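Listed after this line are the structures, all set down as structure tokens.
One chain, chain A, links the two complexes that follow: it is found with chain B in the first and with chain C in the second.
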Partner chain A sequence: MSDRLTNPEKTLRIGPMMTMGHIPDLDPRMRIVLAALFAVVVISLSDLIALCLAVLVAVTLLPLSGLPAKRTFKRMAAMDGFIIFTLILLPFSVAGTPMFTFLGFDASWEGLRQAVEIALTANAVILALMCLVGSMEPVTMGHALHALRMPEQLVQLLMFTTRYIETLREEYMRLRAAMKMRGFRPGTNWHTYRSFGYLVGMMLVRALERSERVLGAMKCRGFMGRFVLLEQFRMTDRDWLFAALMTAASVFLLVVQFRHAFA
Partner chain B sequence: MHIVDGALSNPVVIAGTAMAIGGIAMGLKQLTLERIPATGILSASFFVAALIHVPIGPSSVHLVLNGLAGLILGWAAFPALFVGLLLQTVFFGFGGVTVIGVNLLNIAAPAVLAWLLFGRLVERGTPMSGAIWAGVGGAFSIAATTICVAFSLALTGDEFIPAAKLVLLAHIPVMVIEALLTGAAVYLVRQVRPDLFTAVKGVAP
Partner chain C sequence: MPLLELRDISFAYPAHAPVLEGANLTIHAGERLSIVGPNGVGKSTLLKIAVGLLRPSSGQVLAFGQERRTETEFAEVRRRIGYVFQDPDDQLFCPTVAEDIAFGPLNLGKSRDEALAIVDDILQQLHLTHLRDRITHRLSGGEKRLVTLATVLAMEPEMLLLDEPTNALDVENEARLIEILQNLPQAILLISHNPEFSAKIAPRGYGLRAGKLERLAG
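Up next, the complex of A and B:
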């Protein structure tokens, strides 16, 4: 994740988007609900064909979402890198038909199957989530979650956090630049850890001071504890069509999963 | 240390989500209008701090700092860390959708526990003793998070136990680093703005 700190690219995108996809035009509330529905359907799948089709559905969403494909796949790969060790261990820890023996440990086909199941599920769900929800502005997501009855304080917290992540990241980079100017070079030593600790402490102190100024400014403008959320969401024919297609795809996945039960 | 979709059994996911919602509700109770800006901006700083990579030998680790978040936010660590986790999942693809409750519980419950156990010791006494107890709290919360992650995997099935053990072992250096950093951060805050500890959650229990 370190690239996100040195990269000139912003942490979270705020402001109007310049994308060509179709998904960003659809109702944000519906996209959140569909992402949750898709996740619940996919985690209930265990058939490998059904899971592969689920990944296919998620990959189909990618060009529609307008997200840069390369970066999105890179982020998925980062998640896979996280779980790969757990998955590699599974064939060795699940008992079953031996596949091969490595350093005296038996790898089983059943364990391999379980590892593949988890990998396909995790990738299908996270890719669909990034395409459906990750393609909207964080502020829009806050408004949509509010429309979906998420507690108002939680929405306000979300708004504050998204608003200040970029500001605080810039502050962090200024502090790091100041440290560098004074000859700070991180290494494995007490000096480094103490300096990083002071850096974090200083960021928190500055965050508190900033929040006091923000609260003062809000009070002076008569803030009463409610944000006026300007966006009014409306479901259009296109939204209903997309919702119907996604639901049909989910039902189809379930049919593939339970096809033997029906036959 | 995030768990992904499809790795946990349904009872674990449901129980974890229920407990996480309870934690968020506890946190929201103390979030009055006056405290929301401070909580939100502190939550953003913890999000940024988690992106910092600290060198350790030839490699580097990224910070978690959930212990520090608990010591400063108290129960509000639940909603604050939830917001961070939500943004991380949706926009960066870390973690999973159905397991977000379990992931939150594994990070925020140790944070709150660290505050309940060490909060008073961190806020009182000399800045130095506060810093040392904060270091203990920082190491404790990483250890507890790792154990919670291992426990959620082990509850799902015995086949995850080797992976869970490995996760625990791999996090020992992280515990040391988190302890040192949390201690140093608290030392600075105690010297510069001791009221930071009471800004969001009031006085220690």
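Up next, the complex of A and C:
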């Protein structure tokens, strides 16, 4: 758990100061909207050429986003890990022209095609999402979502999570260190399960108590149940240009998809 | 007229022996008092009762000349009394320093621009302008403490409640805090286990023992 949250990896960006790419300077609201638009368009594609082009668009975004390519591809591969079994099983589960037979099961060309489609769709969407949205601080994302009129409660949940995840992680690390100092070594036995149960339980109790203290502190500063956020965003010419390019790319993908219908 | 008066306050947490039994306290404008006593005797509890975060089982809380009982009555008290919590992580809940400081003024109905002006003002006053856009959880312990003070001062309170403000402070930041507090006009009610610090901020005060407050000589 703790290794997943090492400092430099908390956001995809290396640090708040990193401005290698152009995308991090663009309006975050627009980036979220464009990521959503791109995702919807790509999901509606089934033509393999269109899908390959979609992946190409997403790959083009990568150098613009300033994200480290290697780590980003690693994260993409991690997502692929979730769908790999679906992809492997699809040729066997979809009926159609047999490709080959494995242990008495027929693999179909139609199934393979579907698997490729899903793999391309998923990777294009996730890569574009990482480049457009993953390159912003969670805090900025919260503000942008608020500016996009997302439900206030959800935005607040996100903001509180980003604020307290580090505090919780530190608490976890402290408790873990304390356990280690008393000779605790995790194994496959009841003592380990029970101890981890206590650890999680203790963190829950502390989190609950903390939430009460935080609410108290908020009341002391006049909190009446409504948040007012400070940040204001403004679209610049560069933002509009980027939005126009991304929209054009999405429309182009749709044109490629439906080119036979137009012809 | 005292700013704050606690009369005969008794309080017990559910299923526990009473912590406070007939505690009395009075503090006037500009006055600086400390409350001393061992851990767990109810010092923080007393401060929470003063701002209505906890309700006493018996006794009266009088703030700014009026008795306070209901949540609405305490809401006004909380605007005029600034409370600096023991753990800065409990208090700094906004993602950035500027937002955290603006939170109070915005709740008081200030406009965005007014709130931002207050933020810059307070930060300048405390020489913390360099922290303005920092992410709160990435601040050091000392920085967090000074920022919590800024968040409270942004509401222009008439009185401050400080709950062990020197916790987790290094020598340098402690000196900064002392300097800041000594130059503030507000009345202060201080809980501290640090005798040197209390001597500089609020040498006179009360001892809390067996649920009662005793005025200390000095």
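Quick notes on this one:
Following the convention adopted for this analysis, the second predicted complex is superposed on the first by the 244 of 263 C-alpha atoms of A that agree within 3 Å, B and C clash if a C-alpha of one lies under 4 Å from a C-alpha of the other, contacts with A are read in each partner's own complex, and residues count from 1 in each chain.
In this section, a residue touches a chain if its C-beta (ideal position, glycine included) is under 8 Å from a C-beta of that chain, and two chains touch if they have at least 3 such contacts.
Note that this is a predicted model, so its numbers are computed, not measured.
For the composite obtained by superposing both complexes on chain A, the positions of chain B and chain C are free of clash and fit together.
In the superposed pair of complexes, A:V139 makes contact with chain C only, with no contact to chain B.
When the shared chain is aligned, chain B comes close enough to touch A:G187, but chain C does not.
Of the two partner chains, neither chain B nor chain C is touched by A:L64. Among chain B and chain C, the chain that touches a larger number of residues in chain A is B.
Residue contacts after overlaying the shared chain place A:T162 against chain B and chain C alike. Of the two partner chains placed by superposition, only chain B is touched by A:L129; chain C is not. The superposed model places chain B and chain C at 70 degrees from each other around the C-alpha centre of chain A, with the value given to the nearest 10. Once chain A of one complex is fitted onto chain A of the other, the partner contacts of A:L37 are absent, as it touches neither chain B nor chain C.
Applying the stated contact rule after C-alpha superposition, one finds that A:R221 touches chain C and leaves chain B untouched. Nowhere in the superposition do the C-alpha atoms of chain B and chain C come closer than 8 Å. Residue overlap on chain A between the chain B contacts of one complex and the chain C contacts of the other covers 138, 159-160, 162-164, 167, 210, 214, 218, 223.
Those residues of chain C that touch chain A in the complex are listed here as 48, 51, 53, 75, 78-79, 81-83, 85, 87, 89-91, 93-96, 98-99, 102-104, 106-108, 112, 115-116, 135-138, 151-152, 155. Here chain A touches chain B in the complex through residues 1-2, 4-5, 11-12, 35-36, 39-40, 42-43, 72, 75-76, 78-79, 82-83, 85-86, 89-90, 92-94, 111, 114, 117-118, 120-122, 125-127, 129-130, 133-134, 138, 141, 151, 153-154, 156-165, 167-169, 172, 186-188, 190, 192-205, 207-212, 214-215, 218, 223, 225, going by the rule given at the top.
Chain B meets chain A in the complex at residues 2, 4-7, 24, 28, 31, 33-34, 36-45, 47-49, 51-57, 60, 62-63, 65, 68, 72, 79-80, 82-84, 86-87, 89-98, 153, 158-163, 166-167, 177, 180-189, 192-193, 196, 199.
Partner chain C is touched in their complex by these residues of chain A: 16, 137-139, 142, 159-160, 162-164, 166-167, 210, 213-214, 216-224, 228-230, 232.
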